[in-house]
Amino acid sequence: MTADIATTTPGGFLLVLAVLLPVGGIILSFATGGRHAGQITLGLTPFGSAVACAIAFRVGQSGKPVFYAIGGLPPPLGIALRADGISAVMLVATAAILTAAAFYAREKFAARDVRESRSALTFWILLQAIWAALTIIFVGSDLFNLYVALELLTFAAVPLVCIDGRPETLAAALRYLLFALFGSISYLLGVALFYGAYGTLDIPLLAQRVQPTPVVWTAAALITGGLLAKTALFPLHLWLPPAHANAPAAASAVLSGLVVKGSFFLTLRLWFYVLPALPTGQVAAALGGLGSAAVIVGGVLALRQARLKLLIAYSTVSQIGYLFLIFPLAAGAHAWSTIGWSAGLMQVLAHAFAKAAMFLSAGVLAEAVGHDQIAKLVGAARVLPLTFLTIALGGLSLMGLPPSGGFSAKWLMLQASVASGQWIWSLPILTGGLLAAGYMYRILTPALSDGEISMESAPRRYQETIAFVLVMIALALGFAPQAFFDFIEIGRPLAGEDPS
Amino acid sequence: MISALDLFSIAAIGAGAFFFVAGTIGLLRFPDSLTRLHALAKADNLGLGLVALGLIPRAENGLGALKLILIWALVVASGGSTAQLIGRALRRGRK
Amino acid sequence: MSVLPFIDVGLAFLVVTVACSTIITRDLFAAVVSYVAYGLLLAFVWIRLHAPDVALTEAAVGGGVTGVLLITAGKRLAAIKKAAPEAHPTTTLKLLTGALAALLACALAAAILMLPDVPPSLAPEAAAAASGPGAGLGNPITAVLISYRSFDTMLEKVVLILAVVGVWSVGADKAWGNPPAPLGRPGPYPAMVFLAQVLVPIGALIGIHVFWVGADAPGGAFQGGALLAAMWMVAMMARLGEPPRIDARWLRLALIAGPAVFLIIGLAGISIAGSFFAYPPGFAKPIILFIETFMVLSIAVALPMLVAGPPSEGNRP
Amino acid sequence: MTPSTLAGLVGAALVGLGLYGLVLHPHPLRKLLAFNLIGSGVFLVFGIVARRGAAAGFSFDPVPQAMVITGIVVAFAASALAVALILRLYSESGRVTLDPDAWTRPGSEDAK
């Protein structure tokens, strides 16, 4: 048994609180009905953000992961929650983007008349459910508990896609549900094999017992396959564009920015926390290859889209490809793997904030102009200056131009690929940047050219500023100090620390 | 040597099995669905009754025997009414 | 040569054949009916695996409630005759997928056969922990569900609430607040009404018994709740009871009763027993039964609401 | 050939069958049936793991069986949500098809 018999470290209860706030919010909103669901969610966001920051502070201060065994029962039998560096960073990012999405959608899903309305109750409950599911995914340490969190995430995200009830959104939601269910059932099969082989599902305990046997390889392949389906990596990306493009703006910001990152985060947990002992050379190369293919295919398809939201959704497919370059670039315990690790996490954060900002501004644009056909956006930039400034700055981060977070992520990736001698990965990174420039150019040319555009309604100032604040965070990430990169290293195995 | 009770159990369960087989043969051989339904409903209920009867002496205590009888009663109730519902649907379908 | 393997081999053969018929048959409704038969057969396989609790859940939820859900959907969708014939996959695609599926099945079977001979198990820890906070529970599965892995079970109740919200959100805006469409025919057959009048009281009694005995013998909140849910659905199918309005206050409170009570007791556990979801030693059994009562209520209300579907704009304004 | 290994092979066969049906059948309800098959196959794998873990006086390992019970209820909730979506799609559009460009054919507003 590990030396870690203690059932909690100081501040451990914060992890439980981080989960209970949204869960309590769901139960309260469902009981009190749709009229108060909005106020409950908006009321909870500051507290949730405060708890996320407190966890990050606690992890930073102690320099070790924060641990909490639920029910006082240490892992093999009980379930444990563990927040290390990357969990804390993702919790803070989730809190920020969800608060922004909640305040953005405050008016659209406000409880208008005295009767409870369908879309209001659904939106607010599902938004809190996404928050709860993501929190558990980031701090969970038991593979079956993470399966239930993945299901929670699926049940929260699918109805959001078809909230306005048009047939194509229902078809998109159905495809999304089928892909997600296939993903989680494949994940569950892998979990069953792990339990059959080692009798525990706790990540650190499993990491100590794992050997490269065929059973472990099959289980790892099944879990990775399931998670790739849920992360919409290249061959399995068919469900993402229609789903993210048809959801309401606030929902697609959360879907593209955070929900897709949840299953990617579990892939990181699997290959870097459960299986560091295994020789993962070929697997890392395969994932990197799929990632590069996704970068290129996503970029090319984004170039050909007629609607702005579909273009941004395909850009998500492309940017997800970048995330999977972390596997070859951060593998092992070399000097350059720390650079690869920081690059990957920076890319996750930069893309989350930039993509959320772009979807929110696309929402403002769609409401103001009434449609989102790119060709018909002639001269829109003069009428909606702040919105298009946000889209342009978001594009800056996607392309990887300084001073954005996207630039520092891609720059670190290039550094890692050169330092590790795997220069091959620099090709997709650079081509991806070019393709991103291509589809950003396609958006901005008609908008910046002069011409008259008919406006249906005046844009709401507060929605534009929320999107602008998010994109400024994405740019500010480019100036992240070294302390930020050390923070991400906390609790990472092979970083000179046993994964207690 | 087999006690009288065991003999009784074997005989009852054997008869039950025979009625199940008869019901299945009826299902396969009879021309249309109404007659098949008839065969199934009658034979299986009786077959289950006999099997339950055969198992009662082997049940460990009174409660076990009561449970067996309750199971049989429930199956007869639900089997009978389901057969009636299917029969009505079949007849309505043919009209 | 005991007769046991024949039963197992026969059962395994039967299950795989019925599963094949579910996949192979052309007609949609026939596939759904064979799936329901498959679900009930599976309960026998669980008995052979010494898992009576799971057999109860599989029969009640996997075979029964899912069966009603799929049959009602199959009946409505089977009516699409005019739809353009779906693009039937070409034989090459079939062969390819068949080969891929066979490959996966063999790899999985090989992995299962290669599981270590001395199987690691948490049974000893579970037994040891039985002397701890989860004391006094004869049924180890209920102890695992409510005491050791209570976080999973509470989350799973929240998943049920989200599923209900998701199913309701699919309805039309103007229909919000109306009850879902009735499950049974407008003029229910007398045989159905008779069956409901006979079955529902006995079934409800059995459901409560299964829940109550669950602390020490196979059974528990899930199985009891599923049985009670089935009985309410039988009553609704015989039009003895109508699905409630979805904004009915009691319905909302019943749906959240399980997770809410679980959460409150979990939070209380911090001050009383030192950790979230910890139970004071000695009081574990009464507290667990108290939590399970509300869980039974939540499950018994949630499953029929999921089967009844979204609010319908049909009957009442 | 103990009963549990036999059940394991049945589980593996069910997963393969379900995958075959999931990929091949265009109708979403048939895909849902196939998904439920895969689910029960996976739960059977949990069942064998539980049966092999029999120790300390229990004839089974309670932890995987508790996971299966949770899994069955979650799988049912997923089927209920999928059926609700399918029926709504059918009542909204009279068609039950999954491919997204079915809606961009002539007759829908953003047909190109």
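The chains carry the letters A, B, C and D, assigned in the order they are written, with residues numbered from 1 in each.
In this section, a residue touches a chain if its C-beta (ideal position, glycine included) is under 8 Å from a C-beta of that chain, and two chains touch if they have at least 3 such contacts.
None of the values given here were measured: they were computed from a predicted structure.
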* Asked: Which pair, C-D or A-D, has more C-beta contacts?
  -> C-D
* Please work out the Cα centroid separation of subunit C and subunit D, and write it as a whole number of Å. => 13
* Cα-centroid distance, subunit B relative to subunit D, in whole angstrom -> 33
* **Cα-centroid distance, subunit A relative to subunit D, in whole angstrom** => 26
* Structure fact -> CA centroids of subunit A and subunit B: separation to the nearest Å works out as 57
* Touching two or more other chains - residue numbers and ranges from subunit A -> 77, 144, 148, 151, 155, 158-159, 162, 165, 170, 189, 193, 196, 199
* Structure fact -> Where subunit C touches two or more other chains at once, the residues are 108, 112, 115, 119-122, 126, 148-149, 152, 156, 159, 162-163, 166, 170-171
* Asked: Which residues of subunit D are in contact with two or more other chains?
  -> 15, 32, 45, 48-49, 52-53, 63, 67, 70, 74-75, 77-78, 81, 85-86, 88, 97
* Asked: Using the touch rule from the top of the page, what pairs of chains touch, sorted by label?
  -> A-C, A-D, B-C, C-D
* **Contacting residues of subunit D [partner subunit C, same complex]** => 1, 3-21, 23-27, 29-30, 32-34, 36-37, 40, 43-45, 47-63, 65-70, 72-81, 83-88, 90, 94-97
* subunit B contact footprint on subunit C (complex, rising order) -> 189, 191-192, 194-195, 198-199, 202
* Name, in rising order, each residue of subunit C that touches subunit D in their complex. => 4-5, 8-9, 12, 15-16, 19-20, 22-23, 28, 31-32, 35, 38-39, 42, 45-46, 48-51, 53-54, 57-58, 61-62, 65-66, 69-70, 73-74, 76-77, 80, 83, 86-89, 93-94, 97-98, 100-102, 104-106, 108-109, 112-113, 115, 119-124, 126-128, 140-141, 143-145, 148-149, 152-153, 156, 159-160, 162-163, 166-167, 170-171, 222, 299, 303, 306-307, 309-310
* Structure fact -> In the complex, the residues of subunit B that touch subunit C are 70, 74, 77-78, 81-82, 84-85, 88
* What residues on subunit A touch subunit D, complex-wise? -> 77, 144, 148, 151, 154-155, 158-159, 162, 165-168, 170-175, 177-178, 181-182, 185, 188-189, 192-193, 195-196, 199, 242, 306-307, 373
